[in-house]
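Okay, so chain A shows up in both of these, paired with chain B first and chain C after.
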Partner chain A sequence: MVAGTAGETQEPASFMREHTKRKFLPYAYLSPTLLLLAVLTVVPIVTVFLYSLFDNVIVNPNPPVFVGLENYEEVLTHRKFRAAVSNTLYFALASVIVHFIIGLSFALLLNSRLLSANVKAFFRVIYILPWVFTASIIAILWRLLMNPHGVINFVLLEVGLIPELLEWLSDRKLAIHSVTFINIWSGYPFYLVSFLAGLQGIPDDLYEAGRVDGANAWQLFWHITLPQLRPIIISLALLDFIWTIHQFTLVWMTTGGGRNTEVLSTYTYKAAFSSYDYSEASATAMVILAICTLVAIFYVRSQRMADE
Partner chain B sequence: MIGSRRQILIRKILVWIALILGACFAGLPVLWMVSSSFKSNLEIFAYPPALIDESFSFQAYEAVLSDPGQLRFFFNSYLVAILVTICTVITSILAGYSLSRYDFRFKKVLSLIIIGVQSVPPITLMIPYFGLIVWLGIYNSYAALVLTYMVFTLSYAIIMMTGYFNTLPRDLDEAVMIDGGGSFVTLWRILVPISLPGIVAVGVYTFMLAWNEFLFALTLTRTNDMRTVPIGIHLLMGQHSFEWNQMLALSVLGSLPVLILFLLFQRYFIAGMSAGSVKG
Partner chain C sequence: MKKLVLCFMVVLALLPGVSMAQDVVLEFQQWWEPELPEGSFRAILDDFEAANPGIKVETISGPYLTTKDQIIASAATGTMADVVGLDGAWVNVLWKQGALHSLTQAMADAMYDDSELAAQIQLAGETYMIPIANFIYPVFVNLDMLAAAGIDPPSTRAEFAAAAEALTDPDNNVYGWAQPLSLEQPNGIQNDTMSWLWATGGSMLDDMGQPNLVDNMQLADTMAYIKSLHDAGVVAPGAFAMKENEKVEEFVNERVAMIINTLAHFTLIRERNPDLNFDITALPAAEGYDGPRGLPYASWGIGISAHTVHKAEAWKLIDYLTSVEGNTKLTSIANAFPGNVNATPDFIQTDQLFMTAFEIFQEGYLANEFTGLPAAEELMRRFDEPFQLYLEGEMSLEDFLDEAQAEWEDIFA
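Here is the complex of A and B:
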């Protein structure tokens, strides 16, 4: 297959040339990608790892000092860092779970046989809408709505759900939930779209067979729809978990990581660009990388299982 | 189904109620942003709030569009996003062709690395990037943004392109090869033209990712004439004592390109979104 039929009819010398060319060609086509990834991914990761093992890196006038794992020890025992870890985990887990619930509900709704194709197409656009906006715009939008004098407080007060105006984004207890809610609003369309595609891929015969066996709607959902969507659910949840840990803009532009909403990315950014402590920032950056890599390994494994 | 006509009617009503509640959740915040951008700054938090009030005007839009500094944000965003899109599309076509059509020794490892890049946190790269970009002499330039954006656009683009090429039968290119065409000719004359839908999907998705980028634009540019729209919004938040209507007008204008692309190329968008999770 590799040498192809063209090679057989040629002279041995040119066959050899053709052969080495064939061996070399795939790398040539990949070379721009590999060059970019080497310079802008591999080298930086090695650099940041080295930074994390030294003190006095980058802006410090003193020469760097090798300190081994001391920076990690310092960071991991820091109270603020631990708070950032638990905030990040809450932020990511809550986002993933609620994204899944909203995404699947909306997908099932848009897949309903009781609606005409035009109605579905119209509502699909509206449901995907939050995804069109970039994080900094979403931050502005929700700062407008969640302002103490904003429309959310007005409506909730009028309905009687809250006794007084709430500081959604500046109250130390509320802010992390508000930021998580905003992330939920902005991220569910990704699930919706993937589930819509997934639902269309479930063969109708499965449901027919289920109905013949006397299953009700709930049983059909539990025994057919969910198991069929399983591979999509797993890969979505893992990818979303990684992306939510990456999330910086939304937190940075709503609370700036203050009000008890510090997550790992804002913590790292501040360590680097506010305190200029690049050693500490590098150590936390490596911790985030380690968490994401761990999840990514699960992701690749789940993809491989889906392929088999 | 066994259900009587009445049951179906009740079900239909329930579905519609859920449908409209969902639409409110998704759409009302956006509607409120748009309507607020037409209010005067004093009326934005007026009590009781109204969707449209007597202060309705295009004043905030005029302010944004007549400010050369803010127009520059748009110019920068378009330029960077278009350059990133062109570079990403070309690079991913070449890489996708290699991964789809050739078997070679390090194929598995290399494709694993390309997929794995998606999981590298931008914040981790940001620390060494600063020094690296200064060292390369491209700090505060378009090149810095284009190159760093490509790190996270390429991964998706290559996965999508490889997937698309994989759906095309190999007989196509082998026929051209036998006729004496080289592999590059095959790619350029045969695969690229019939892969246009896949290429559009990659392009649209890349443009959107580049248009929305925040962190690298924040840290790798210094002067306002190099800032992009998301950073412009960030700056507006700090400088003026909350010119809400202008910020919102800038946000609406800043969302239009992606919104229009989305409405025009919905199908491709969706293909792009699900490329990472659903295997085609």
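Here is the complex of A and C:
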């Protein structure tokens, strides 16, 4: 009887233990990842956010002073910050749009049945080359090419396309376009590779059915190719937009953010490591984070829709 | 027996501690070692250790930019090395953090006579950095190009403008002068712009050390003079994005006849173009000015961490490196001018160009008003931005100087 009573009381206890174990087991499995996320992402973001609410942070012996949103007000109303936002938007949007056009065009060429396998392999290597170089190498390369005495000016002068030497990176009207061009050159292979994979995944049946219905090449492209690539296009565009907003090395090493090429990343860098104003830099970083988060939400939503 | 073994083991365990307690190990962070012939800097420190038993020096060496970032980061966390190599552009930010020990105090504690020091960088009346190796910036001239044009190295601004005009040949991509004004490396404002002002005895600061860019006739004249060179088309194109190394390349490749450049590039220029026939001359001064000419310079400075517990030993290291013996050794291997007025580096006696440079050095005075200023690099950058607009004709001289003054006051505040 006694033993029976003990068995009855043990049963619910072991059930509870099992229940608790089952409840927490998934979290135990997740804990290494959660810990890493906390240390590598949450803690730095929270720290930078706190810095943005204080003055006298990091390189000041005086105790930090809570100033609330003053740093944000200062940053958002600053003439140079607004110019940096405008330049960043141009830089990012132009890059994304032209990346898309060039990437898709080259992918269509490489997916063509008119070319032999060897020719395709050769051009695949050529087209993908810009992706191989690091940003600093690309910056050095293009600084040399775009030097007033560089190859580009020489060729354009020889063929009569320009009347005089152009200062691609030091002319206020040209510099932002030159830097955007360099970024486009360095980034299109990512689109090319992704689109090529996407194109190769479109079933031939769809094109055959289209042809049977009398569709021409443009109609096949518009009604079959583009809709089939839609999930890839959205993902690429959003990711590229986020990456381009972060682009620092190319702009910094080509123009230093001068000549109307100041972007958010160079603005933040100067505030932190040149002016040593880490409060302002933190506020700027949080603004960039907010923009990127907004785009990331669109990205996640588009992914969910694609999955459904 | 057990007790005996135990005692023996305890003694053995304590021995290294006793030995460690005798030796003070100084951490010395700088960017100099990688820039010097391999092993040569260590040899100087070995000499110091031999002369100062009980003090060991452990070097933390890296490239300039890495060292700068690490020193500023370690200052924020209070973990800066005991002795640090300093650039005049960082002193202020480190001082503001309270990361540097007063060298005035260190000298007083050691009863040191500072009369042999060529310069001391002071903030609020106390020394925080001592320049121990100086690299001056004279004008480098291409002698063959000057000879072909039948002109002598210029000594005044008018002569320089005339020479630059005579040497410029745009059809062959040859220009009289190059002025790097890249915003990534805005030191062109210090070396290639303000240097013209200092060479004529001018200043960009007032008596209180505050920005004095407005109603400063000498500065306005200097800026107008530089604009006249740009307007005359004698400045190599691409100036607004040009960096210092590109300026040197233009000179090495004989596309530019004259540049203001550091002596540290002597070896580099000779290696890149052994046939280049060049000389150096003092920076041209304004007509009628016969006073001593300020020479722009960059320094390897040295300082002590405020947090080190080995301040006396740290000062001994600085004392050695600024002594006639130590400073002669260091500046000889660095091809630099000494921080000790009585030190004489070897190269001065063996190289004609260095002899000329030493004469220029002795006739003038070291002038770099950016040293010790708050966020010096940012000051240059904020001057550079409206300066470029002025050179392009997009902004008047008055508006340019007004804007630069406002930007500088913002930083000083």
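Throughout what follows, the second predicted complex is superposed on the first by the 274 of 308 C-alpha atoms of A that agree within 3 Å, B and C clash if a C-alpha of one lies under 4 Å from a C-alpha of the other, contacts with A are read in each partner's own complex, and residues count from 1 in each chain.
The rule is short, and it goes like this: a contact is a pair of C-beta atoms (placed from the backbone, for glycine too) under 8 Å apart; a residue touches a chain by one contact, two chains touch by 3 or more.
All values reported here derive from a predicted model rather than from experimental measurement.
Put simply, more of the residues of chain A are touched by B, taking chain B and chain C as the two choices. Using the contact criterion defined above for the overlaid structures, shared-chain residue A:170 touches chain C, although it does not reach chain B. In the superposition on chain A, contact of A:274 is made with chain C only, not with chain B. Applying the stated contact rule after C-alpha superposition, one finds that A:259 touches chain C and leaves chain B untouched. Once chain A of one complex is fitted onto chain A of the other, the partner contacts of A:218 are absent, as it touches neither chain B nor chain C.
Of the two partner chains placed around the shared chain by superposition, chain B and chain C are both touched by A:58. Of the two partner chains, neither chain B nor chain C is touched by A:66. Of the two partner chains, chain B and chain C are each touched by A:149. The intersection of chain A residues touching chain B with those touching chain C, taken from the two complexes, comprises 58, 147, 149, 253, 273.
Across the complex, chain C is touched by residues 58-61, 143, 147-149, 165, 167, 169-172, 175, 252-259, 270, 273-276 of chain A.
Against chain B, in their complex, chain A makes its touches with residues 1-2, 4-6, 22-23, 25-27, 29-30, 32-34, 36-37, 39-41, 43-45, 47-48, 51, 58, 105-106, 109, 112, 114-115, 119, 123, 125-137, 140-142, 144-145, 147, 149-151, 154, 185, 189-190, 193-194, 196-198, 232, 235-236, 239, 242, 245-246, 248-249, 253, 264-265, 268-269, 272-273, 278, 281-282, 285-286, 288-289, 292-293, 295-296, 299-300, 303, 306-307. Those residues of chain C lying in contact with chain A across their complex are 69, 72, 75-76, 93, 96-98, 173, 182-186, 236-242, 246, 255, 375, 377-378, 381, 384-385, 388, 392, 394, 411. Within the complex, the chain B residues that touch chain A are 8, 11-12, 15, 18-19, 22-23, 25-27, 29-30, 32-33, 36, 44-45, 47-49, 91-92, 94-95, 97-99, 102-104, 107, 110, 112-129, 131-132, 147-148, 150-151, 154, 158, 174, 177-178, 183, 211-212, 214-215, 219, 230-231, 233-234, 237, 244, 247-248, 251, 254-255, 258-259, 262-263, 266, 270, 273-274, 276-279.
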